[in-house]
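Below, each structure is written out as structure tokens.
After this come two complexes, each holding chain A, first together with chain B and then together with chain C.
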Partner chain A sequence: MTSATARKMNIPRAHKNRTVGDWTIMVLLIIGGLIMLFPFIVLLLNAFKTTADYNASGPLAWPHEFSLDGLVKFWTRVNYPEKLWNSIWTSGLVAIFAVILSMFNAFALGIGRVKGRRWIVLLIMLANMLPQEAMLYPLYIMFKEIGLYNSPWAIVIIFTVIQSAFGTYLLSSVYGTFPKAILEAATIDGASRWTIFKDIVFPISKPTLSVMLVFFFIWTWNEYMIPMAFLIDNSTQTIPIAVSSLTGDRLMDVTTTAAASLISIVPTLIFYLIFQRTLSRGITSGAVK
Partner chain B sequence: MKATRKFVAAALAVATMIGMAGCGGGETAQEENPTSIKIWHYEEDNGAQGKAWAKAMEIFEKETGVKVEFEKKSFEQIRQNASQILNSDEAPDVMEYNKGNATAGLLASQGLLSNLNDYVSKYNWDKKVSGSLADTGKYNEQGIMGSGDWYGITNYGEDIVMYYNKDMFDKYGIEIPTTMDELEDAMQKFVDAGVTPLSEGVAEYPLQHLWWQLVLQKASDKFLKAYEMYDGDVDWQGEATTYATKTIKDWVDKGYISKDSTGLKAEDAGQNFIKGSYPMFFSGTWWFGRFQSDMADTNWTFSLFPESKKVVGSSGNIWVIPENSKRKDLAAKFIDITLSEEVQNLMGNSGGLPIAADPDKITDEKTKELITSFNGVLKDNALGFYPDWPTSTFYDELNSSLQELVNGTSDVKTVLGQMEDNYNKGVEAAGVKQQ
Partner chain C sequence: MSATANTKKHVQDATAREKGMSRIPGSPSSRFWLYLIPGFVMLLWIIVIPAVWNIYLSFTNYRGIKPPTFAGLTNWARLMKDTTFWTSFRNSIWMIIAMVVIPILLGLILSSLVFDVVQKKFGPKAASTMRAIYYFPQLLPIAVASLVMGWIFRPENGALNALLEAIGLGNLQHDWLGKPDTALIFLMLIMIWIQVGYPLVIFMSGLQRVDPELYEAASLDGANWWQRFLAITLPSIKPEIFVVALTCTIAALKVFGPVYMLTKGGPGTSTIVPSYYSYVQFFQSQQVGYGAAIATALTIVIIIVAVVFTNLQEKVAKEDEE
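Entry: the complex of A and B
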């Protein structure tokens, strides 16, 4: 008790006496942060420039006038709302399905402790460990034969499997350390496996699940190679493919590409910010007492 | 586990069989009285090709009463996935595709493209697409261009010219050069005045096009045939390549080309020319439209490389008809319309480089000059193609060799040796060398 209070009191004091080491670390962190932000700053600078302005002053100069040309051009050329909906639809479904699938898998592997679970996890992880290039051709043949080539469902299925592979791996180790006392108490009270899953394991693991949901959504959103190989019709394509369509054989339109990249990350940013809140709420509500 | 393995093995076997069956040749049954046709290309809507082809689609709909289902594709998607798409039911009826051995040649040899010989004789396309323009449409059984059957038809061209910023030349009192000596003289005068004359980007295509132009200055037809069509051995230590590599080294040493250009891309080099940082830029006619709109206030001009017998350049991309198309006759009709005078003239008037336009119908003076200059090149059969065509990896390898040359890490001999190694390895890996 006393040691805990002492530690608590130490925290404000530490703020006042920053050592040279603290300062160095802080400066390094700020530099690191700026380096990370640099591409984003360049993007912002060029997204609102006119082509003439870009030609005259280059990528690093401040824009002379605020122009929405690039944004408008990209918006109308690729029919942005349609692509946005496609991306939300695929990433959303993948995130939800993959979380559900990972939960079922992990329940069996982590809590059910089925035989040979190590090998099963390894096998599932193959989906994640194999480079996507290696899977491309087999997947192409599979989906062509079942008639899902050029269908957004192909993307949903493929990425549900790929993301849930990682999800299963993560969740089954989380569930592996699940307090046995709770499970035993529930069994004694006569709870079925389904009840345990639904009323005990699910609520308690909510924080982990929402983190997974956010990651799966963003990862799927940014996927490029497999969606590009599978989504042939323009009307089914996702945002990253639409952005890439701006780069031609020999020429590129820098300002439009910058504007396009900018509005293509805005939805993920919004999504992240929304779920960041529910995420912290989830942590406080699901604590074990 | 065992069961899974068996299942996987079975699935793989089935997949392979299906895949092989899908690759087989044989005529695709043609649809009777089709009501629509699927057309793809990947050019900008407001570019010369985009505008001209939109017009072609309009004419096509009017003439045939068949609806055009057009989709603008991304270059990257077609480049990476063409073979998968063409091997499925999603293939379009006619599409734009990249010319060359590694692209159209490969698909032709895999049986994914229709043989167009009958259509060529029916529509007399070989009258309009002839000489070195035709080389990129014909591929032999191994997929090597230049001979064999017709698989693609181009309707525009491209070559590499020297762009000059006339305002800068006037400012320093320098004449636009017409001979090689004058060119070097002019560059020296710019250096003396503290200006780097040549805008370059070694990270992408600009410098390798200059290098190839210098090779072409000295190259014999035999060398070219060996280099581009694998007909005989390429003499890498011979006069042409040595001259080109030495000249570039020389120009770097004299300050005509900046050492800092090793990290620059084509876009940077073009932009530096537009900005007026450099008075000269040696690059493709694909910049022409952009310079016209973005350098409207600058007095600029262009010409072929001084004293050139052959010029870097080739036909534009080609229209191909996938083997899986069920409306081939209509597709051929569409290709024919893209070669019609109306469409060709529109392309010319939009800043493009048509191959069958009437120069008298071109209103813009500068464009007229461009088309006349290109027609001259065609007449002399002087298209020298591109240096990166022979192997699929040579583009990047050539750039990195030239980067080493420009920043001084390797000398001429080492660079030539490196190029030779990469070239030979690539050709061997492709298995296309004629014995």
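Entry: the complex of A and C
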């Protein structure tokens, strides 16, 4: 009894058993973390300043008064809600489509073990390896031909293929270790390949699929070169393109740019905080039984 | 002796029976081709056709207006003698150091410190906060990260110069990204800042797989932190290290956004990279054929790296099984 309570009490105490070394490491990690966040801190300091204030006291000073001028200026000038919506629906659709496409590919490669699968994976990975500037001319001509140039749908189609390359690479190795006993049991029950695919493989690999979903969403959201080349109309642009267009805009002052950068990262930040837990479960969690 | 020969024969029989079979009993592999059709059609359209088209363009003279005319090996001959092209690949090596080597080393140290010390002594909340902080730059669109960094390092009114002024080191002020002596180093620092969270997150998720009893047993045997790191941590997250190394190396060879937004390859050619160089040829000099040759050369290098990598990965995986 006493030893049991002692053991119980030991658990939180072991937690607090911090040595000087532990504290040193913690302090070093916090200093490193501050360096990582330094640009973000500078953004926060300047996003709510007036231009006059910035010109007078520089980027490191505390704002004299709280001002939303920069934010409002950016919001109305680029029509922020429109850009936000463009980013959300293109990135969302890419994430969903790319996960589905990766599943089909990986089912054939990892579970179906089709012949020459190593070379097929490499061929699919070409989508990841080909530099994007090499695709611009041909894709431009092809998409113009079918009337999808300057359409966000072009972004959806192109990035579904690009993201699914990494998805296929990851998922086919996960499916390669898919528990055989489950597949055998399903066969005995008379399940077809399609039933096994949608009723067994899909639900069991959900943890890995949700990590892929989060990655694909953030990656597509942050893409730069192809959206810049394909979305020339103001109304079709995504958030990163709208922000980067400010650099060339002489009318935009530093505080507006800071406000714009800050507000453009809020959506991904919220998205990350919501899906933190999914990420921590790990990309290979489905592989380990 | 005959017993081993017998089992060997047995194994061979089994593999022969399994050859051409899927992991679903009674389902031959050939039946799974159907599932590859959507992926193949999309891949053909978006990737394969543009890639082949690009190779074709590299053998032509094309200024973007009149139809391309065949130019044979002119572009390729020019490429071999072009010092800017070779400089761009030399800078790629610096990018690999900044985007692969250093982030992986830092990621290994940070992830095992966060996992070993922060998680155990300061609780899981502190650990996940730490992870989120270091992962933060990965969440930024490259356009935004570059914009902010360019502004921090800019010569007039930049935050770094203001900081130096504030602590009395005003004479160290510099045009960090605009002068040839510091441009490459600061571009590299920015890339390290952007990249380090990616290995950290992936390594930490890999570490969760490791049986904690292994560490306890090693501690009881008197192994110190470094010995445990080498004997347990490193081998158990080997698959993650390979995935990170390959994806980051490809990203480093292809890097474009930060260079385009921060330095435009300059000053001079001090920060030029292949992707940016081919972009300039494609869209600024209107030398589409030559741009295509650079892009094709880059693709070939990336494919070679990927094949070598996956071969190595397979070899290591096989050695581990034995």
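Here is the rule we go by: the second predicted complex is superposed on the first by the 247 of 289 C-alpha atoms of A that agree within 3 Å, B and C clash if a C-alpha of one lies under 4 Å from a C-alpha of the other, contacts with A are read in each partner's own complex, and residues count from 1 in each chain.
By definition in this document, a contact is a pair of C-beta atoms (placed from the backbone, for glycine too) under 8 Å apart; a residue touches a chain by one contact, two chains touch by 3 or more.
Predicted, not measured: the structure shown is a model, and the values here were computed from it.
Colleague: When the two structures are laid over each other on chain A, do chain B and chain C clash or fit?
Modeller: clash
Colleague: Regarding the shared-chain residue A:156, is it in contact with chain B (first), chain C (second), both, or neither?
Modeller: In the superposition, A:156 contacts neither chain B nor chain C.
Colleague: For A:115 in the superposed arrangement: first (chain B), second (chain C), both or neither?
Modeller: Second partner only, chain C.
Colleague: So in the superposed three-chain picture, is A:234 touching just chain B, just chain C, both, or none of them (first/second/both/neither)?
Modeller: Touch status of A:234: first partner only.
Colleague: Check the residue A:244 against both partner chains and state whether it touches chain B (first), chain C (second), both, or neither.
Modeller: Once the two structures are laid over each other on A, A:244 reaches both partners.
Colleague: Touching A:226, do we find chain B (first), chain C (second), both, or neither?
Modeller: It touches nothing on chain B or chain C.
Colleague: Looking at chain A, which partner touches more of its residues: chain C or chain B?
Modeller: C
Colleague: First (chain B), second (chain C), both or neither: which does A:171 touch?
Modeller: neither
Colleague: Based on the superposed arrangement, let me know which partner A:95 touches: chain B (first), chain C (second), both, or neither?
Modeller: Neither partner.
Colleague: Which of the two partners, first being chain B and second being chain C, lies in contact with A:144: first, second, both, or neither?
Modeller: In the superposed model, A:144 contacts chain B only, not chain C.
Colleague: Quick one: is A:52 in contact with chain B, with chain C, with both, or with neither? Answer first, second, both or neither.
Modeller: Once the two structures are laid over each other on A, A:52 reaches chain B alone.
Colleague: Which parts of chain A are in contact with chain B and also with chain C?
Modeller: Overlap of chain B and chain C footprints on chain A: residues 54, 58, 123, 138, 142, 241, 244, 246-247, 254.
Colleague: With touch defined as at the start, can you tell me which chain A residues reach chain B in the complex?
Modeller: Touch residues, chain A against chain B: 51-52, 54-58, 77, 119, 123, 138, 140-142, 144-145, 149-150, 228-229, 232-234, 241, 244-252, 254.
Colleague: Touching chain A in the complex: which residues of chain B?
Modeller: 1, 4, 12, 15, 18-19, 42-45, 71-77, 80-81, 84-85, 88, 90, 98, 205, 266-267, 270-271, 274-275, 284, 286-287, 290, 294, 317
Colleague: Along chain C, where are the residues that touch chain A in the complex?
Modeller: Its residues touching chain A are 20-27, 29-36, 38-39, 42-43, 45-51, 53-54, 57, 110, 113-114, 117-118, 120-123, 128, 130-152, 157-159, 162-163, 166, 193, 196-197, 201-202, 204-206, 208-209, 239-240, 243, 247, 250, 254, 256-257, 260-261, 274-275, 278-279, 282, 288, 291-292, 295-296, 298-299, 302-303, 306-307, 310.
Colleague: Of all residues in chain A, which touch chain C in the complex?
Modeller: 15-18, 22, 25-26, 29, 32-33, 35-40, 42-43, 54, 58-60, 101, 104-105, 107-115, 118, 120, 122-139, 142, 157-158, 160-162, 164, 166, 168, 170, 178, 180, 183-184, 186-187, 193, 196-197, 218, 221-225, 239-241, 243-244, 246-247, 254, 257-258, 261, 264-265, 268-269, 272-273, 276, 279-285, 288
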